[in-house]
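Next, two complexes with subunit A in common: one pairs it with subunit B, the other with subunit C.
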Partner chain A sequence: MSKSDWNSPEAVRRLAKRHAAEKRFKLVGLGAIVLSLGFLALLLVIMLKNGVAGLDWDFLSGSDSTDATTAGVWGAAKGSLLTMLVTLLLSFPMGVLAAIYLEEFAPKKKWIEWVEVSINNLAAVPSIIFGLLGLAVFINTFQMPRSSPLVGGLTLALMTMPVIVISGRNAIKAVPPSIREAAYGIGASKVQTTFHHVLPLALPGILTGTIIGMARALGETAPLLMIGMRAFVVTPPDSLTAPSSVLPMQIFLWSDEIDKAFVQNTSAAIIVLLVFLLAMNGIAIYLRNKFEVRW
Partner chain B sequence: MILTGVLLAVLGLGLVGWFAARGRARLLYTGRGSMHSMPAYHGWHLALWIVVPALVAWLVWQAVMPGLVQGAVFATPAAHGLPTDPFQLGAIVAEAQTIASDPGAVAFNPEAQALVEPFRAAQVKFGLIGAVIVLIVAFAGGAFGFTRIRPNFKARTHVERLVLGVLLAASLLAILTTFGIVASLVFEAGMFFKDVSPIAFLTGTHWSPASTMGDNINNNFGAVPLFWGTIYIGAIIAMVVAIPLGLMSAIYLTQYATRDVRKWVKPLLEILAGIPTVVYGYFAALTVAPLIRDFAASLGMANPSTESALAAGLVMGVMIIPFVSSMADDALAAVPRAMSDGSLALGATRSETIKKVLLPAALPGIVAGVMLAISRAIGETMIVVMAAGAAANLSANPFASMTTVTYQIVQMLTGDQEFNSPKTLSAFALGLVLFIVTLILNIVALRVVKRFREAYE
Partner chain C sequence: MTEAKITARNVDVFYGQKKAINDVSIDIDNGIVTAFIGPSGCGKSTFLRTLNRMNDTIAGARVDGQILLDGEDIYASTMDSVALRARVGMVFQKPNPFPKSIYENIAYGPRIHGLASAKSDMDRIVENALTKAGLWEEVKDRLTDAGTALSGGQQQRLCIARAIAVSPEVILMDEPCSALDPIATARIEELIDELKESFAIVIVTHSMQQAARVSQRTAFFHLGSMVEYGETDQIFTNPRETRTKDYITGRYG
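== the complex of A and B ==
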């Protein structure tokens, strides 16, 4: 190329090459998304194909059994319900109160930094470690009843609390300072400002984070395996200290069965679990879109 | 039974106290500025004075009562001639206690049956004493609180001080949890390292904890194959899947996709992250593993196992995709617009801009994201439990069955063995290693992200 001539064959060829590279790159990106979503679709289709025939009233209302045709999911679902109740009752108030303290009241001191670091780390600690904690503290030290919704709920609450704290802090941070200043201006104390004005405005964001944290806890298996929540439960648990199982654990236990008939049960239980999770996430998204105020 | 009722009674008293104090404070109100606190705060102040001391008394009595009851039972004639062996005695007392609280239960042991009546009597007696004490404390607290209702009394300040204390306690729970994790892991792992030398544990290459009866226990707890399996599955195979797919989808979504596409595809991708790991594990075991076994067989491998590192790693990689994608998304978004605009203005195509300008600029953020993804992958349990296998293999063959740290933790703790054997305790040592490694990965990654954000602000 002697001079810059856009029409010289060499320049045209180079341009064509660059445009082809551009197109290839874009296609690779699209391919990555299609592949990822394809995998999701494959997973859902296989579970539906295997499990949808097993979804009937007997399955939804029955409990575990050694016979695949009479085994049902209600016993485990009730265990999940009780466990989630304990988790919610503990992690929600504690998480919200901690978030309020750290965001509104905490002095800028060294030990507050330690609290923050430890919350951020707890949110990333593998869930199985929380199971080891539950086993060592709740069961071996405090002698609480093994495989009960109480211990399961306590363990999951410790796991869920950091998630709620982090989302709660973000929601509180998003409330503009002018709201607080207006409240101070008419004579409200700091506690009054926080509980009467900041907290209600931050609540939708906090609830969204809570639901997402609870959805994660609902699907969690590994920590519950550590505290022995793999009881063979023929009747639904009727108290917080009764031996029980939970939905993901039921899936795990059935998947271990040698009898091929349990494939249908496992897939059907997975469908039930996924419906719950999708519903929870749907509610979270709805809450976020409906109540979140962009300041 | 009685004590539960007392608790409800105390709460009821608190409610009554709330209304009473508010009513009294309203009577004292004589006009603007006549009182320091609003009437409702006087209500809260009195309610707290009733409930909190009574609650403390209740808790103390709950802790003290079993000892008193037992002492009273042993003093009755029915307790004469009980065995002195503490183990037998404990069993009989525990049985009698169960029957005393649950009328439906039946005694196996006649000696326990004889103790039931004294137990019930003592429980009723001490329950009543406790109830009276708790109620006295509640009334005393209430009386003291009530005398303090005056126009210039700073009820709000007192109530708010308590609220602050509760808030502080809630945020200290996080530190307490971290401390609990570290303490329990270190304590149990310490018991393990009494039997097995840490060096043998960290450098040994032979893992067969089932045969602990051998004379040289150190040879059976070499965890290197587990570390290798964990790294191979979580940090190599899974990342080979997750990094390209996650990164490319993030690039496509941020740089090429229209707004509408982005709005729909991003939540769909996030569904992948929301699916429980046990579902992935089942999918890996049911669908992916047989496919990979058949593929290995078609490559001419003899006797390929159903459980393979590849099956677990692939599925784990898919699980991590949305995580990598959203981290890369954040990192790309943090690069100033001016940098890519400059490159485009010089005539570079979009892909050239991405490869030559955006990616290098976002690299620290992406690397940190990958580190967080690895920390998540090596701590992942259910997929490897269901698809990776139990054999501790030190091999680079992706079709081989391979075990991981998390798999072995589950394996060691879900059997029916006694608690203090080295086999069970080894789970805590493995947990400690896992905790330390993920902690380091997280801290370093968060530091990098923070510094990276600051660089462009």
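== the complex of A and C ==
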């Protein structure tokens, strides 16, 4: 066929087939979204139904108790805040500096490849193992106080750092080389080029990765079990070394209670945790938009 | 004969095992425009980038031979590549302003080199550089606008102004007009002609017409070697080498 005839029956059939394929794909894609969002909606509805009645000021400002009616979530929430603070202060600078070093400064040597592979593997290590590590190193070797936000934060920082390194490296890699050349071209040193030009452009991506890592750490329970943060704590922690619980642990503890009245508490605590997570994601989006530079 | 600004002797450049530049020797003079021409992949850009050690930033690149700037070996261990690049500025193929304001684009270089002690000094440097680059009249009322919001031709002049602002002695231009339309190109060519009074200019170009228009000397590169170097008029009207003649008459390229 030297010239295609768009009106021939064969051509019409071909076109119809292509359109049908497109429609099928749209339907399947939409179905996938509806299915996943449906489960989220279901979870939210059930939690709201069970828990919203328990969300009053006493619950938000109280601490754990053996009595379901007086038990509150503030102790665990404050523990989560302090733990996250330690995690952020440690994993963010460490992760970003490691990412910058690996991406911009590291010599292309064999041992650097090993470091890269190790960091990628570290991000995939099950969290319970980080808990064991925290127990062995921070508590047994360094004699830090058990059940404390300090140890919890340190342990979660170990877990979060590789996530930040990986996302940070991707963000740094995405900065166009022409920007580096521009800076080198007027005599900027490597450190100046990196910190004045590359890092600001990579920051939105780094922040997004950081928040994702932090959100994961916030919901983490297993490693904190190992370092004793499942203790029954009736007073909110007043320092980084005071015994404390965290939100997901509180949820786990309450869901384990035999007393029926704790069902409401469990659902209400889940709502608090979800709000916490949403707020963190909101901050991530805000920061990303704020620092985003177009070029 | 005047003292050469840049003297290169027997320069070889390797990327890993691959030899990209083979035994190039050239003298580049002050006060004129020197053009490097040749087909794609002939090594003209690679050689240009050895003149301010831009190849240092590429892993696996190695330079043999000697390159002198005012008699100083730029690959000597005593030569700081950062200081060198302040003396030998560079303008790139694609306009690459920083994603910052027009003012900041110019002020960044002088600031890191400590060229201005007061805000008024900096303002003067910025105005001066933009004026020399023929951009001042167009942008003087919007210095705080993003440099990236300018048109392509303006962006390239901004990049030239950015290079001028650190008072270099030589400006290297790597196909500065290849991403621009003919009008913006003409504007840059005029500018190059004015700038040669103050700087030694080396320009790599794909366009032979451009080389003929803006340069006083032309070097023809082919397959990593410099085939011929001479007065632009002579290269274009009476080339000594057959390969130069074939390229200029459009037999290959």
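Note that the second predicted complex is superposed on the first by the 245 of 295 C-alpha atoms of A that agree within 3 Å, B and C clash if a C-alpha of one lies under 4 Å from a C-alpha of the other, contacts with A are read in each partner's own complex, and residues count from 1 in each chain.
Here is the rule we use: a contact is a pair of C-beta atoms (placed from the backbone, for glycine too) under 8 Å apart; a residue touches a chain by one contact, two chains touch by 3 or more.
Fair warning: this is a prediction, and the values are worked out from it, not measured in the lab.
Of the two partner chains, subunit B and subunit C are each touched by A:S189. Residue contacts after overlaying the shared chain place A:A279 against neither subunit B nor subunit C. Legend: residue contacts after superposition of the two complexes on their common chain; A:V45 is shown touching neither subunit B nor subunit C. Once chain A of one complex is fitted onto chain A of the other, the partner contacts of A:A53 are absent, as it touches neither subunit B nor subunit C.
Of the two partner chains placed by the overlay, neither subunit B nor subunit C lies in contact with A:L89.
With both structures placed on the common chain, the touch criterion links A:L37 to subunit B but leaves subunit C unconnected. Touch criterion met: A:S178 reaches subunit C, while subunit B stays clear of it. Touched residues of subunit A, counted separately for subunit B and subunit C, are more numerous for B.
Overlap of the subunit B and subunit C interfaces on subunit A comprises residues 189.
Remark: subunit C residues 52, 54, 57, 59, 82-86, 89-92, 94, 96-99, 108-109, 112-113, 146, 148, 159, 162-163, 165-166 touch subunit A in the complex. Only residues 108, 176, 178-189, 192, 196-197, 201, 293-295 of subunit A touch subunit C when the two sit together in their complex. Residues of subunit A that touch subunit B in their complex: 18-19, 21-22, 24-26, 28-33, 35-37, 39-40, 42-43, 46-47, 50, 93-95, 97-98, 100-102, 105-106, 114-115, 117-122, 124-130, 132-133, 135-137, 140, 158, 161-162, 165, 189-191, 215-216, 218-222, 225-226, 228, 230, 248-249, 251-252, 255, 263, 266, 270, 273-274, 277-278, 281, 285. Subunit B makes touch with subunit A in their complex at residues 156, 160, 163-164, 166-168, 170-175, 177-178, 180-181, 184-185, 187-188, 244-249, 251-253, 255-256, 265, 267-269, 271-272, 274-283, 285-287, 318, 321-322, 349-352, 354-355, 372, 375-376, 378-382, 385-386, 406, 409-410, 413-414, 419, 427-428, 431, 434-435, 438-439, 442-443, 446.
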